[in-house]
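First chain A sits with chain B, and in the next complex the same chain sits with chain C.
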Partner chain A sequence: MSERTDIPKPEGEYFESERFGGLSILLALVAFVAIVLSVVGAVIDTTQFAHSWLFAFAVFFTLCAGCFFWAIVHFAVDAEWTVVVRRQLENIAVLMLPLAILFIPVLVLRHHLYEWMNTPVGADPVLDSKRQYLNWNFFLIRAICFFLFWIVASQLLRRLSILQDKDGNPAFTLKLRKLAFVSLPLFAFCLTFGACDWLMSLNYKWFSTMWGVYIFAGAAGSSMSLLVLVITALRKAGYLKDVVTLEHYHIMGKWMLAFSVFWAYIGFSQYMLIWYANIPEETQYFIARNTESWWYLSLLLVLGRFFIAFGILLMRFVKKNPGELAGIAIWIICMQILDMYIIVLPALHGTGVHVSVWDFTSLIAIGATLAFIYLRIVGRSSMFPVRDPRLIESLKLVN
Partner chain B sequence: MRTPSGHKVYAMAAEYPTPHALYEAAKAVRDAGFKRWDVYSPFPIHGMDDAMGLGKSWLSAVVLAGGITGLLTAVILEFGPSWILYPLIVHGKPYTWRTVPAFFPIMFEATVLFSAFAAFFAWQIMNGLPRWYHPMFNWERFKRVSNDGFFLAIEARDPRFTEIEARELLERTGGQHITIVHED
Partner chain C sequence: MANESTFPEVIAEEASSSPEARIQRQPLVLNKRNFSWITERITGVVEQRAPRWWWVTFTFTATIASIGLFCLGYQISTGVGTWGLNHPVGWAWDITNFVFWIGIGHAGTLISAILYLLRQKWRTSINRSAEAMTLFAVMCAAIFPGIHVGRVWMAWYLAPLPNNYGIWPNFRSPLMWDVFAVSTYFTVSVLFWYTGLVPDLATLRDRSTTKIKKFLFGIFALGWRGGNRQWRHYEMAYLLLAGLSTPLVLSVHSVVSFDFATSVLPTWHTTIFPPYFVAGAIFGGFAMVLTLMLPARAIFKLHDVITPAHVDKMAKIILLTGSFVAYAYAMEFFMAWYSGNQYERFAFYNRVLGPYWWYWWVGMFFCNFISPQLFWFRWCRRNVFVVYFVCMCVNAGMWYERFIIIVGGLHRDFLPSSWGIFHATWVDIWTFIGTLGIFTSLFLLFVRFLPLIAMSEVKIVVPEADPHYDVDLASHHPVGAGGMERNQ
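Presenting the complex of A and B:
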């Protein structure tokens, strides 16, 4: 029922990689320097570096996994509005392949991260009762399986979607839907157990049954924020001007709002049940994070990730203003970084915040590497699926 | 305004064959500057609020007020007795403001409950409900509105309403079965 008549050309829009050659070289340079510094850090301050790297990995892993989630949900529920922004979700999701390579330092430095790997059999009955799950061989096999799934599924997702750009055959949509149905439960499985393996087992005595959902909630909200940022940046560069409208921004803003609430709901449920039951092996996690200087960061996380984000996103005009929504998106991603920091670093500095230079070099190393690869990927296909059967409906979106 | 036979006039109404025709007609009526008029259809039509020139609804503000009322109610009813009036140690938990995690679920529920009440009642009032009878049903054809009829009515209480102008406008936009609808 909209009055839109300016349907984009069937050739689609292409990112001119040459135009951003300078940015690409800069990112490569930054990534190279940061990786060299990281190697130095790994040698001179191994334990601190291992935690910093795991923290940085967790930030970018959750962002990419979240984008993969949104892409498969799009096909599983046959969504309309996502069509115009979907290609960017696919482009970010395929970054799982470089992420798998960037995960190798965690495997190499495992003895500095995971206490249970150094504890001999028989030393701790609590650990011995968990040995069938927490042992190095199984840990490695699981990590390989998880990444194998994410790499295969994200690559397949993007390949099939790009093939459809050529002829617009709706059979690809049906194939992708089947892929999405298979991927959804596998995604939930891999994310939950990945989160338990890599983050929860930093303290093998602690456990939370809501851990997987908690990580997912943060991942989905922050990756939607990342999508807003990527789309806004592309529009600033002059792309997708006629394709993505304020209506799309409005929906992305609604999802950011929804997942701010969902994150708070899950995070609070996890906290309240442990706080109320008051069992030492469960409360130790929050005692470390709610005492000394960690308390201020935990407070900032609760205020920033929920109360501030929720209060601002509740207003409709913010969601319909790309500039303001991008500002909130940056804020939410900063909060996601803080969330991962509070999860990983207290495992090392239980007595208080100890900011290290390797926290920053790790973040920059992984971030710049992925941004560089993203710039290489984004130019290889049209910036939106030009022959998707639901493209017109997505363009005419009104909500 | 009354008809020659003495009936009070409610509106000048017309039927449209398709949702699209109704949508286009709504835009024409909006541009003609009428304020008191409405469209009727069996299902919601996308973009109709823009076509009718309706601004943002006040409902969200009322719901926000309801939510804040609910939150404050829960805060007072929980902290009042447990922190100020009868401070007791329950389950080994503190009885200062630090016991707030135990109170959050109730705060959340009360916020949701009061928001829902505010939304329900404000929505009823904004739609002029409850009412026993709507004047549009004085028109026999209007009974199809819940089946396959698309209607537009320009109400007589609109300051710009004249019988001739309203009829002309409805004719120009492709309205069929144009008629005067009586108030009673």
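Presenting the complex of A and C:
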């Protein structure tokens, strides 16, 4: 591709919230109804609801954490292509604050989720040997610390970035770079132990050193897909037309491809090593997910998250076609939902898939709430960092 | 934004530290060197007579290599009993050396393939040497699985033979997968390295002063004329090879990690092993690239091509991969404790406080975890002595790490009455030192006979290579601003 000559002037583009007032009201309405239904679910079918809510929380948590990851990586590696899409990553990352509030039902309904919280001391020596870690107080403190980090870091990230919109001072880039360097190890720490606490400890007897990396692999790939969807939706609404080009789509598509492969690599390694060694305390996790009707969903995950996504994303024309890339992005997010479903629900329905209405209400409740808040946030700043020192490089991007 | 007022405090800060200067992209070739300078400086290494230091160093390394080859001969003719292997430690220096060398071999392909796909143009200054280093490291690595089978003349059983030979390779054995992974990696790495060499070989051919050199370089340059069509084919081939090599970077060390992780031994069997080994390999590989390139840069005066920014970036990769390795160490300890399994817990307790405690504290903890933390600081990444110190720590640390994993996992097995300590024999030690000699000798030969920096690729990243390069605006144009000086 030859170099662009139609570079837009960096004045910024602003989302007209009033234009989408109807959508906002609709989302608020849907969120309200779904939350009311969820409260009903929590009362009449508590255990099922608790699992459904945790599943839905895990889906959106991984998406937001992934967007936070991409935003800090941008600064840590001093990238240029991400500049034009970075503001949307920041807007999604700050949804960690409402997510922390939406995590409260998990804390309240903990006894319905985590067997170790109900097992008395002395009943299981294996559990007793790790009670210094698996106990309610420490669990709560950890959750607070993890969310505190994500909330503070994501807010700082977005605020400093917006401050730079005013004068384009490169000092903000340097500050953000420092923030990114500090955030990267903390992100790894919080994501790993968050994943261990909230998902792995559903079965306290099971463990895998790969767990944090596995959750990260899914989060990074699906959040890049979410970014593609958000950018495509904004472009459909008439924004970012001259800013985000097919070259940016191409790169986003390449990262989706890379993380489809990485997810498969991590997932395969974890599965194969546990299968090969065949140690009962490790295989129990996969036996539950490879038997009864769970087998079909597990198979679909392997085919869908890797083989189908990989085969399609390998083609360049797909990555350079926003419509087609958005289609595959929806598919990958569906697979991420399936992945979280297979992680959480077999802990309750070991005998086979049992789809519940609360699975859907939880997903809609959290999703609509976050989408509503996102629409409120997106209009508060320019849709891309207007005076980022690397903006011109990003606009001139050629693959 | 309608309101464009700026913040006074921001302006004050800007004036004091000049962030504008700090976020500027650094040029990849310093001092505005032009095409001619690059060609002269790099081919000069090959074309001039071998300096005295080269002969002295080569004699020394070749002697060590010969001792290593003697040890190999002695071990093959006498038997594996010449090594210190005994019950319960059935794998020790042999497999440690194998994993060590295979790991070293990862940086080359990472630099040439993955960084190429990521459009990291700074790779051009170091990819050629790193790839050569990869090949030599894989050669050294391949020695050990071959000889550790004991009867080396039966090693061909590992090859995928037709069934009518009546030999049924055990396809479920990770050692078998190793053969496939390493041989594929080596083959693709050679192809990749050679493909990249073709334009530079043509340059050497065209500059040759003797008929023999012209003939030999001419054969290997495959008739390269630098035409438009040739470049198009070349770039497509290079891209395809980069795409093929990328999964290989991940797969080779993952398969090596399966050698251990498919077992049921505590400290060997853990699911994080594949990415942990890959990160460790890149970590060790980059340390070795710097170990070789920093002296080469000083000797051949290549500071304008391998700039402080290059060293800085490599140091950052060492910090990143070192941090992932530290993450894996931490996860191993945490999950061993969290599992509640007494054998897992004991194995890790034994790693830190058992007979090999100092290997862990010095090798893994200090060399691999603490020393790269210096690279958080810019002045450390910019100080070649600090960089060299860290790289030497990492080189040693990665060998120790493999030793601790292998011997540490074996020496105290499930039956306390059979516990033992491994004692290396002189054959063990000199075989390993011998491979260091083989590796450095091969690298010295490479430096002597082939361009150690990819000239054609470095030329692509200088400003003059840009089709939009403005001759009039650039005050440093060779004709306009005293180009003769720039050639010196």
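The working rule: the second predicted complex is superposed on the first by the 396 of 399 C-alpha atoms of A that agree within 3 Å, B and C clash if a C-alpha of one lies under 4 Å from a C-alpha of the other, contacts with A are read in each partner's own complex, and residues count from 1 in each chain.
By definition in this document, a residue touches a chain if its C-beta (ideal position, glycine included) is under 8 Å from a C-beta of that chain, and two chains touch if they have at least 3 such contacts.
A quick note: this is a predicted structure, and the numbers were derived from the prediction, not measured.
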- Task: Evaluate whether chain B and chain C can sit on chain A together after superposition, giving fit or clash.
- Result: clash
- A:Leu174 contacts which: chain B (first), chain C (second), both, neither? second
- Task: Using the touch definition from the top, say if A:Ile279 reaches chain B (first), chain C (second), both or neither.
- Result: second
- Task: Pick one for A:Trp331: touches chain B only (first), chain C only (second), both, or neither.
- Result: neither
- Query: When both complexes are superposed, which of chain B and chain C contacts more residues belonging to chain A?
  - Reply: C
- Item | Touching partner for A:Arg316 - first (chain B), second (chain C), both, neither | first
- Task: For A:Ser129, select first, second, both or neither according to whether it touches chain B, chain C, the two together, or no partner.
- Result: second
- For chain C, which of the listed stretches 112-120, 220-228, 310-318 or 436-444 runs into chain B? 220-228
- Overlap of the chain B and chain C interfaces on chain A comprises residues 272, 276
- Task: Show which residues of chain A lie in contact with chain C when the two form their complex.
- Result: 3, 11-12, 78, 125-127, 129-130, 133, 165-167, 169-171, 173-174, 181, 185, 188, 192, 196, 207-213, 261, 265-266, 269-270, 272-274, 276-277, 279, 281, 382, 386, 389-390, 399
- For chain A, which residues are in contact with chain B within the complex? 1-2, 268, 271-272, 275-276, 278, 314, 316, 398
- Item | Residues of chain C touching chain A in the complex | 1, 3-7, 10-11, 13-14, 17, 19-20, 22-23, 119, 247, 250, 254, 258, 261-264, 269-275, 323, 327-328, 331-332, 335, 337-341, 376, 468
- Message: Can you tell me which positions in chain B touch chain A when the two form their complex?
- Response: 19-20, 23, 45-48, 50-51, 56, 60, 64, 91-93, 101-102, 104-105
